[in-house]
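Read through the structures below before going on.
What follows is a pair of complexes built around chain A, which joins chain B in one and chain C in the other.
Take a look at the complex of A and B:
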């Protein structure tokens, strides 16, 4: 909301700090908030780098033995890995000679010759991986990084759309009141009367499986809380004198709704947005855990946790820890950043 | 000798507030005064003078971030209250020293009946049983003049009027026969008629209970009615203290003189009101030529209102609705270039009249003829052309400016909407001119409303209206929230603008002295109806209606020499 000004108007006059500058200053004084901001920025950078293929591009290469130990636990016993290795050894042992009775026996030689022409490189599977491997020997750390990309992307986009829906509907209901409000409240009540998970499952069953589906599902089910808060905020601000003053100078409805009131409700909306990012990251995990989430050729924290439940039984904890810790750190940092943001952005109508 | 008759002595009190890690704001800078036994001391000052902070430090009711240096002392009964342990303070609070606050509605707990709230004080401090406490509470309610105290005991705060709530607060305050009653702007939120009753009540109670009263106010008129001694504070320091007679009859400090002079008086109407600066940096009040006011028969009318009515509907039950008439059959004429004052108590419908004229409310009936055109029957599109010509300045300058807009945005927005000015550059140019006209520096253009004081914000609001070059300006309690000295400046500005641009004002206020000063004609309203319309001087000299007389009688007269003699 800065003034559009010709530069020659008064070049000597210092522009006073805007509310956003002030908010940034206040945030910078908040140490916890700043640490959290750094954490969140690192995650976002990681997401972008992973999306661009700079890191973890080869997450689905099977580098290690099945359930490879983490490097720092190299000496630990790994029954599953040995079992698989043994099985590999057995398969390379010469099979029992059945050429007398095998009708295809005469052709074996020809086939072996043909097979010999195809170059087969034996991948040396390592015994350990930096933070262990999964069932297929994929690097858990890379998986977690790649999973972060999907999870954060889903969280951010779904939260953005949910906030958009909630804000527009909330603004309409709060500003117009009357019939519009009654209709939207009715719609909201119907929507919230359905158990949340059931609603998600219903949507998931209708749409086909995919990233876009998850985003649509989360956005369509998550707008309700934001709607209520924005509506309340609009009802409050509509009675304020500055809105009346805007009406008195002849500002249109749209201008009053979105130019005058919206910036004053922006702190609520922004905080809601960041809270929903957190809850949607968790919701994606739940969806994927239930098998309704991201497609099988992708990885997210949710699919990792879903795999982890079976692994945990056989004592392979690293996938759970990698995905869990990655998520816990981000979610905590994001929530605390949200708190700091709310304090920094409160406009304080003095 | 002095120690014996002083109930409380404040010595070199300093209070500072920690704002953030680096900044400290000094609110009270070495204040010393005494509260003698059985006397009323008034602490007078404008907002930010530190008067409330001084009083609250007596009870240790300062916020967390307050710093009080060790050499400040508040002596009460031989002990220093600033260093007293919390238990001791808690025993004193409400029992020996009690407080009445400005807003009775927010000071009473809304979920308990008032009888219980009074009873709680009695049980806590006097150790009464619940039955004895209830009996005493009824006595107290009848003592503060609440009718049917038995029934009112069970009322919740919202069921009482503002005046009655303040009476309940007073009943709670005097419940334990305190030695000192601190009244922090107890009548500021109340109508004049109620203010008068409350002031009388406090004076009577002080007499009967032999209390001392510390009366905090910004209004010298009130002080003159009630105080024995006056302490005048400005920006954290005492400018002058003395007996009320000295302060009112022979004020020595220029600030005191200024405060006394810049309040409009009922018997004079100078062309310009004196402002603080005249006294602090100049010779004092100079331009005392009187202005004559009034409307003549032949004056052209710019606005003519006929039978204006506005009814609000409250929901009742599931489908029913109850009609609450706010304005009933109001008719008046506003002469071009003149000011019509609109006075009445809260709930009289004066603000509703203003908002309905602007079509910020839909009228239920009547006509508003503006240059012969009925504004109420215009479509929204047709109304746009007239919107510009009739503008409003609201009461609260803190709420009427969008906190997220720069002053530049605020001033250029109406010009953009109404297509005033050829391009953005021309509009910015106009905005700069208007800022200069209302007495604000150019740099204000780039600032946000929260960086300005109340008076400056009201100037911005005025400048916003002027961008549209209106013919009629409705001032809805526009100076009521301002300090006396700032009020004088804004009133002068409004008057100058009227002289310069020939604006017509509808001046809505509950402050009869201000209305008398600025208006040519006055319309008195009560419960949605017009009681009386007449020229300003006429109405003050010869009120025709009982209600007008009652209203005029309750204006604080300020210092009255005969009272001192009595």
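Take a look at the complex of A and C:
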């Protein structure tokens, strides 16, 4: 009898790893993918820190002279800055003396006294900034960080909502088929028959400008690709045995759609989400450049590039490089991460 | 074949109706009252009522929709709200410059990327292949804006090889003087993503059995690649070109804005900024029709590229 007992304490059955565990393991072996993941995480952390005001909270402060040189170019000549200082000097020159004919002349003294009481703090503007300054002497590096926050925020939220719309519609069309599918396919055809960029501009024409608007526009126009893929996944999974089994134990339609099938399509959705973040960041930059994106009191990579166009002609390249490089690094890392993610989630593809 | 084309044309009707509804919904309903925008800051209720009457927005929605449908089928969208130019005239005169730039872009871009792709695919896995792929990925991640700003500055301003911007009356002067720089920049940007895509198409074909058969029977490599592989990879390439084709008419609006080319793309951006709804509505509807027609043409062309394709 006692011989049976040890059996109960036998080592527990080894649990087989799930999809996500396996994917994570494969991703960890992908060195390039991991480096990209680190870069993306650093950018996201920067975005959160900037959002919380920990970094670049004072990007709007005019710290340096106009078009201040970057610190590593401290010695270089800066004609624009000098011109501005000169102009200031001229305006401070004494005005023409009108006291003989001016009826208000007796009050000059009173005004002078009153003016003297008002404290004017002369901000000492520095000649150089870490990565140069813009036209108003704002720190380009801080602007780039703040711009990254706005651009990434727009990319992430717009991609999230586009994925949400695409997933829900795709699930409905794929799961129900028939009339629902016909209607949604019609809807899809309408959206895809208009060239994408034209669709965005048409939406931008009727909406007001603002950060929320640009997210809405990108989400409302960008869901079509996701819809198509999710629909295909649902059609594939609908007839599978596990869904039939769920039906047999009395799972509702909603439960079958979103509890049973959705996790099995989630890898497709995740890769799509990640792809759309990249393309929406690019789209935001272009829209903001055209003045259809973020409002003027905010800064994004797109508005920085819009300023950079005129600055380059007078030799001020730092804003172009800051915004361009900031964006290029993130976009490269994000798209390579997407590739790694796809390989990790779907090993059959390799 | 005829039956297929007729059925496809028949299927376009609901989609076109949907496009008309979508645009009507956007511009006549979401867009709000255009009279407020047009009357400007100093306006009185009478002025606004007057403008509303002129534009016909005081009519009930069903009537406005009817007017819009009539406009679509008579090619008469009235006049632009901001310049008072006839919309049909705007479209006609702006298409030329856009195509002057975009047709060469399309031809050069496609032939270059197909050529490079087949070369890269042939030496797949080698250092050259990997290096080119890394370059492509990096090139794709830089914003189009940066390319244009930098290219215009370098080639137009510093080196002075091309005019910085401009456009003239003469077609040849445009094509030979003003168009080359925008074309060059568009090609430089467009080749990388297409090269990557086409490479994957070629790789798919290179691993097929018929390639091994062709090699086994002793065909020279040139023939294997250019005759067998290229022909088979042409189908996905054709699809891809077909997707981009309608975009040709919108042009690269960024290029047109930067190089002040009086094309359709710049016209749209201006119209969006001025809330010039008739122009945007007209462009959107006709480009949607064009897209559907192009899609049909591409599907018909499959038959010529690949005789195995049959129309169901």
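Just so we're on the same page, the second predicted complex is superposed on the first by the 304 of 350 C-alpha atoms of A that agree within 3 Å, B and C clash if a C-alpha of one lies under 4 Å from a C-alpha of the other, contacts with A are read in each partner's own complex, and residues count from 1 in each chain.
Assume a residue touches a chain if its C-beta (ideal position, glycine included) is under 8 Å from a C-beta of that chain, and two chains touch if they have at least 3 such contacts.
Just so it is clear, the model here is predicted, and its values are computed rather than measured.
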Which superposed partner A:31 touches (first chain B, second chain C, both, neither): neither
Partner chain(s) touched by A:264 [first = chain B, second = chain C, both, neither]: first
Touched partner set for A:179, first chain B, second chain C, both or neither: neither
Chain B versus chain C as contact partner of A:251, first or second or both or neither: first
First, second, both or neither for A:312, with chain B first and chain C second: second
Which of chain B and chain C A:240 touches, first, second, both or neither: first
Touching partner for A:117 - first (chain B), second (chain C), both, neither: neither
Residues of chain A that touch chain C when the two form their complex: 186-187, 189-191, 193-199, 201-207, 282, 285-286, 289-292, 301-302, 305, 308-309, 312-313, 320, 324, 327-329, 331-332, 335-336
Chain B - residues contacting chain A, complex: 20-21, 355, 358, 360, 384, 387-388, 391-392, 394-396, 398-406, 408-409, 412-414, 417-418, 424-425, 428, 432, 442-443, 445-448, 450-451, 461, 464, 468
Residues of chain C defined as touching chain A within the complex: 14-15, 18-19, 21-23, 26-27, 30-32, 137-138, 140-146, 149-150, 153, 157, 246-247, 250, 253-254, 257-258, 268-269, 271-273, 275, 277, 280, 283-284, 287-288, 291-292
Interfacial residue positions of chain A with respect to chain B in the complex: 1-6, 9-10, 13-16, 18-19, 29, 240-242, 244-252, 255, 260, 263-264, 266, 347-350
